[in-house]
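Have a look at the structure that comes next, please.
Chain naming follows the written order as A, B, C, D and E, and within any one chain the residues start at number 1.
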Amino acid sequence: MRRLLTALALAIVGAVMLAGLAGLPRPGDPAAPVHTHVAAHIVAHGVEDTGSRNLVTAVLLAYRAYDTFGEVVVIFAALAAVMVVLAPAAAPPPGKTAPPPSPAPAVAPSPVVGFVIRLLAPFIAAFAALVLWHGEALPGGGFQAGVILGALLVLLSVVMGRGLEQPLVPAAAARWLQAAGPLAFAAAMLIGLAGAGAVLGLPAEPAWGRHAVLLLLELGIGLGGAAIILGLYLQMRGH
Amino acid sequence: MEVLDIRVVLAPGISLLCALLVFVLGRHDGWRATFTLGAALIKLVLILTLLPGSLEGVVYVYRAFDFPPGIGIAFRVDGLGMFFALVSSTLWVLTTIYAIGYMRDQHDRVRFFGFFALCVSTTVGIAFAANLLTLLLFYELLTICTYPLVIHDETPAALKAGRKYLAYTLAGGALILLGTVLVQHLAGSLAFGTGGLLAGAAGQPLLPLAFVALVAGFGVKACLMPLHGWLPTAMVAPTPVSALLHAVAVVKAGVFGLLRVIYDVFGVELLAGLGYTSWLAALAAFTILAASFAALAQVNFKRRLAWSTISQLSYIVLGAALLTPFAALAAIVHIANQAFAKITMFFVAGAVERTTGRTELRELTGLGHVMPWTMTAFTIAALSFVGVPLFAGFVTKWYLSLGGLQAGAWWVVLLMLASALLNAAYWLPVVYRAWFQPPRGLEPGVREAPLLLLAPALVSAAYVLLLGVSTRVPGMPFSLAEAAVRFVSGIGAAP
Amino acid sequence: MEHLLPLAAALPLVAAALLPAVAWRRPDAAWGWAVAVGAGLLGIVGLLLRRLLQDGPFSYAVGGWAPPWGIELRFDALSAFSLGIALVGVAVLVFSGRYAQAAVPPQRRAWYYSLLLVNLGGLVGFACAADLFNLFVCMELVSVSSYALVAAGGGRIAALAAFKYLVAGAVSSLLVLFAVGILHALTGSLNMADVALRLADVEARGPVLLALGALTAGFMVKAALFPLHLWLPDAHASAPSPVSAVLSALVVKLGVLGLARVLPLFAGLDWLVLAPLHEGLAWLGAIAIVAGALAALLQEDLKLMLAYSTVSNIGYIVLGLGLATPLAMTGGLVHVFYHALIKATLFLAAGAIIHQAGFRTLRDLRGVGRAMPWTGVALSLGVLAIVGLPPTAGFLGKWYLLLGALEAGRPGFAVALLAGALLIFVYYLRILNAFYFRAPLREQILAVREAPLSMLLPVMALALLCLLGGLFGSGPVALAALAAARLAGGG
Amino acid sequence: MSALFDLVMLALLLGMALAVARTRDLLAAAILFSGYSLVMCLLWLHRGAPDVAMTEAAVGAGVTTILFLLAIGRTGRRER
Amino acid sequence: MDGGWQHLDYFAFVALFCIGLYVVLAKSNLVKKLLGLNIMETSVFAFIVTSGMVDGGTAPVVGPGIDAPFASPLPHALILTGIVVAVSITALALALIVEIKRQCGTIEADELKGAE
């Protein structure tokens, strides 16, 4: 009975979606509204408006920077959420007979893997820096760099076997780093207010001003993202 | 003539203040009695200062809050409101004195007197309401404030009675809200004093619904059959509460609301054309008779009083539904007549219960010998109910009959006679046994009720006599009622 | 001055990120900072509101990028709900001080305040969003923080409820995102005013209907409208009480506010008749009123009762939107604001009582009203307000809804609404009866102490607002009427 | 050519999604999902969205998978 | 690139959406449900990314010598945000699953229902 209902529901959902989507403009049609309205404006003016040749970055950090600000707070909220859910309660709730949590799989990386990771670490870090730095010109940007850096930190903490007792980054510093994204946006808001007359605006003067703001944002997003990913990893791994 | 006057809002405000003082500082018996009695007296004086103006047709108004926007919590004292307010605040003084005596050594006195004061505050609010929504507001508040009084004993029976009381009255409140919304929708206004808000809405399909909703809503508290079920059950409450429920506040709020609906919301002219009120009159007549028969069957003092109340209230409804000047006069005057006679009865019932522990009617046998003053008060009230001339009840029956004849409804005269006979059948034997048969099974040492319980009963009994003989004395309640009728628009000149 | 609009949401969001770092050494310092931020938010919202009342609705182009190229924020009559957000937010933050000390483990506490601030910031952002994707992002800020806050106190029911809430919430968010994608594909724009304008020229009907359906369904889940409410009761009942207050008072309102925001997008389409949708919403609202009230009646757990009451009250609001006449929508929208104040009062008062007494069912709590007189008064005021007794704040919504039902020529809905109101009265009466008029079942109840001042103060303040909000309700009613007129006028 | 590429990618996606749905081994499901994300990443690269593709590779295939593996490690690998 | 095939995308995404929904609704294991949710999310992302593509277009990075039409950068930016939101929700959900396992000893929905 339940299966039947599920199947029915799925069939209805699928049919409704198909029927609806069939009326959309053909994907790839250059005359579709997607390309002729806002996107056309961005393609035409994006570089001159923002100084970023990567238009996705222009959208992310200039035209729609306010959304991206929301995005970095969301990822921060994810960290806060995991901390709130998994941080140890002071005393175990009474009357619980649940078995103790099974520990994380004991990954004992072979010496070779450890060696390779240590060897590669500087290069990965450099790659992350490159992705970040060229966010304005090439695909990629702060967040991608942050994820790469975060992955590197995770790998390092795996091979170096450090836990929360001996954190890779001191806890107090980690808290500040985790807040780096929203902080960078807060700074950009004030800079925009002072330099461009609008919150999150790009200052026209001096000439390098807007690049500096974009870089600041990329850095904040990247460092914050990396710190948060490391934090998530450590918290999820448990003690 | 409308006059802006702060006293209009001070009158309910004093009782509200009193309630707050009682709640916060009322643990000390002396303080509490001072607050309650002081507020009762101040308020009575305050309302009396408004009386001369009211007698001359001055209407005092005050607008308090803009709630809901455009309608507002507003107060307005016309003859009808003045009459009701005067009756209730006079009775509040008596009931307060009585309650202080009666509630001695009871539990939760702070709560009791706090809500007691709130009840009276809301009753004056009902009397002075300037629009249907303000009336509804205080009407609902009255429901809420009486609930803790009804269930004061916190016994399962009391809680059950409280539930029943709330179920009836809240449903009634919801109906009134529906009616109010309908009136606002149909008339675009809720303010009283225009001689019929809905005068321009004749022929609207929602009009009957509005009438039924409002009449049924107020009819719950007015104990119009078949909406009367809560009242006999609510007899479990302490006697001062019963007195309050039956004479001063709750049921009178119901009939007062009905008067407002008939005279101010629909208006006499509209109703005369619609003919709804003949149904209402028939229902009231039925209630008068049926409740009297039910009262005959009761053996418990307070329960017989309850059924008697149901019957008596319908006099007022009938008077209003006849739509003639004499009938209106009877209706308004009976608010006072019923109130004073009934509260006398309750004071007596409570005094007897507190002194002898007796609650059944046959146990009153011979009590005239041991508690002569108490039973004198009882006798006066009983004779008033029967409608013996020179007693208050006669005035009502007389003018109601006249009003019936004015309306061409000769059956009203017969109804009055029948009701008088029935009242005689259930009150006079009790009177006879109390005075002319020897007391039985009384413990030695039982004597007259204590002064705090006796004095209010005697005062209100004296008032019953006064009401019966003072119809031509200016400044007495009857003249105020005449003034009120004079200003009910469209009903024609009173005698 | 106008720059305050983007900063209103940004202030709590940035502060949220800083809180764990600032309060790293002393977790309880987080409380003071959070309260300060909440007060700041209240101040900003007050200034924005003053400007709204003086000059009417105003917009802000974030970063100076004119809409539709950039993100537009708009403070209009609907955004005035921010005041409710800020008021409830401050009360909840203050209340949390003592409550969290007992209910939230110390290592979680700074994060708990951080999430509360994220939640409030997201809510304010949502209320001021004029851009579809910005709306989505703010909704996600609120959602992610809400899911986690449910589980902040620990406990197995809370974790399960949070997961259930998360799945329902994520699917509904996805529906909204899907619809945003369709609308973008159809119009090439994300700015709501622009989308509404350009949608009028769209000829393809299927995608428009699909977007409308997805938005409606998504927001209906967020609003916990009756058949889609299953996630709500456990989540709202098992969360820490201040969180329950935020969820019930504010977060469910995302759904109705969202609906009120997006339905006008489709008003310009002359081929699209919204009447059936409105009719459906009205029916669902009416059913929700009665069904929610009935379900609440069956509960023995105080907070579960309050949670089901939220289901019922959402019914009022949706009924108002569904009747779609100016008066009815005024009633619905004004109830959005007042229900926030009232339900926050109730949940905080209930939280204080449960916190002090250690019990949470009506049976166990019998007689507690005498032991905690002030909290009891606040709870009673909240109860009178939620049952809609005049002159409390709860009456106004009911009044305009009733008038609206008649205006729409649907007296049947008025009767249903009154029946629901009576039912609601009955179950709240059970609470008052148990607290005041029944002999205690547990002897510990007599020894329960009144709540500490930091809990009592916000509760009393909110309770007072429930009363004064009604007596001085012309401002909120005027704003709701303004928003309703815009909705009825088709955007 | 390019259409063929699309077709193959879509077929792969569907197949992997179905496999995720069917397998009772959560570890396998998580790794399959990682692969699914990588295929999605390729598809997006092909659609002219390298930024999204990069993010999907890093987040969808990387971080998400790591988190899944950690959680599966703590809760057990078998469904039912 | 010829255009005709791309409508097929939408159909494939609907299929993925339904597969994900099926897993969410029908599977009892919470981890599995979460995987289903992720599949649903990626399908919507894919839909939005595809809606922004253009025939013969390239990535929206302006540079010397690039004159082909650009794919619309707007959907890309949206989906970047969407992906971050998705991973946030996934992280939280996994934390909840770990907590549920710790408290209740199981992460099967039907067993949890029986237990509570």
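List of remarks:
Here is the rule we use: contacts are C-beta pairs under 8 Å (C-beta built on N, C-alpha and C of every residue); 3 or more make two chains touch, one makes a residue touch a chain.
The shown structure was predicted, so the numbers you read here are calculated from the model rather than taken from an experiment.
The remaining chains, with chain A left out and nothing else moved, touch as one piece.
Between the contact lists of chain C and chain D, the overlap consists of A, E.
Comparing the CA-atom centres of all chains against that of chain E, the greatest distance is found for B. Of all chains shown, C has the CA centroid lying nearest to the centroid of every protein CA atom. Of all chains, the one whose CA centroid is most distant from that of chain C is B. Between the chains A-C lie more C-beta contact pairs than between any other two chains.
Centre-to-centre spacing of chain A and chain E amounts to 16 Å, using the average Cα coordinate of each chain. The centroid of the Cα atoms in chain A and the matching centroid in chain D are 18 Å apart. Averaged C-alpha coordinates give centres for chain A and chain C that are 29 Å from one another. Averaging C-alpha coordinates per chain places the centre of chain D 10 Å away from that of chain E. In chain C, the residues touching two or more other chains are 133, 137, 140, 144, 147-148, 151, 155-156, 159, 162, 184-185, 188, 190. The multi-chain contact residues of chain E, meaning those touching 2 or more other chains, are 1, 6, 9, 15, 21-22, 47, 50-54, 57, 59-61, 70, 72, 74-76, 78, 80-81, 84-85, 87-89, 91-92, 94-99, 101, 103-104. Taken together, the chains touch in the following pairs: A-C, A-D, A-E, B-C, C-E, D-E.
Interface residues of chain E, counted against chain C in their complex, comprise 21, 24, 30, 33, 37, 40-41, 44, 47-48, 51, 72, 74-75, 78, 81-82, 85, 88-89, 92-93, 96-97, 99-100, 103-104, 112, 116. Residues 3, 6, 9-10, 13-14, 17-18, 21-22, 24, 26-30, 34-35, 38-39, 42-43, 46-47, 53-56, 58-60, 64, 67-68, 70-71, 74-75, 77-79, 81-82, 85-86, 93, 96-101, 137-139, 143, 232, 235-236, 238 of chain A are the ones touching chain E in the complex.
Those residues of chain C that touch chain A in the complex are listed here as 3, 6-7, 10, 13-14, 16-18, 20-21, 24, 60-65, 68-71, 73, 105-108, 111-112, 114-115, 118, 121-122, 125, 131, 133-134, 137-138, 140-141, 144-145, 147-149, 151-152, 154-156, 159, 162, 182, 184-190, 198, 204-207, 209-211, 213. Taken together, the chain C residues at the contact with chain E in this complex read 133, 137, 140, 143-144, 147-148, 151, 155-157, 159-160, 162-163, 166-167, 170-171, 173-174, 177-178, 180-181, 184-185, 188, 190.
Contacts from chain A toward chain D in the complex involve residues 54, 56-57, 101-105, 131, 139-141, 143-144, 147-148, 150-151, 154, 229, 232-233, 236-238.
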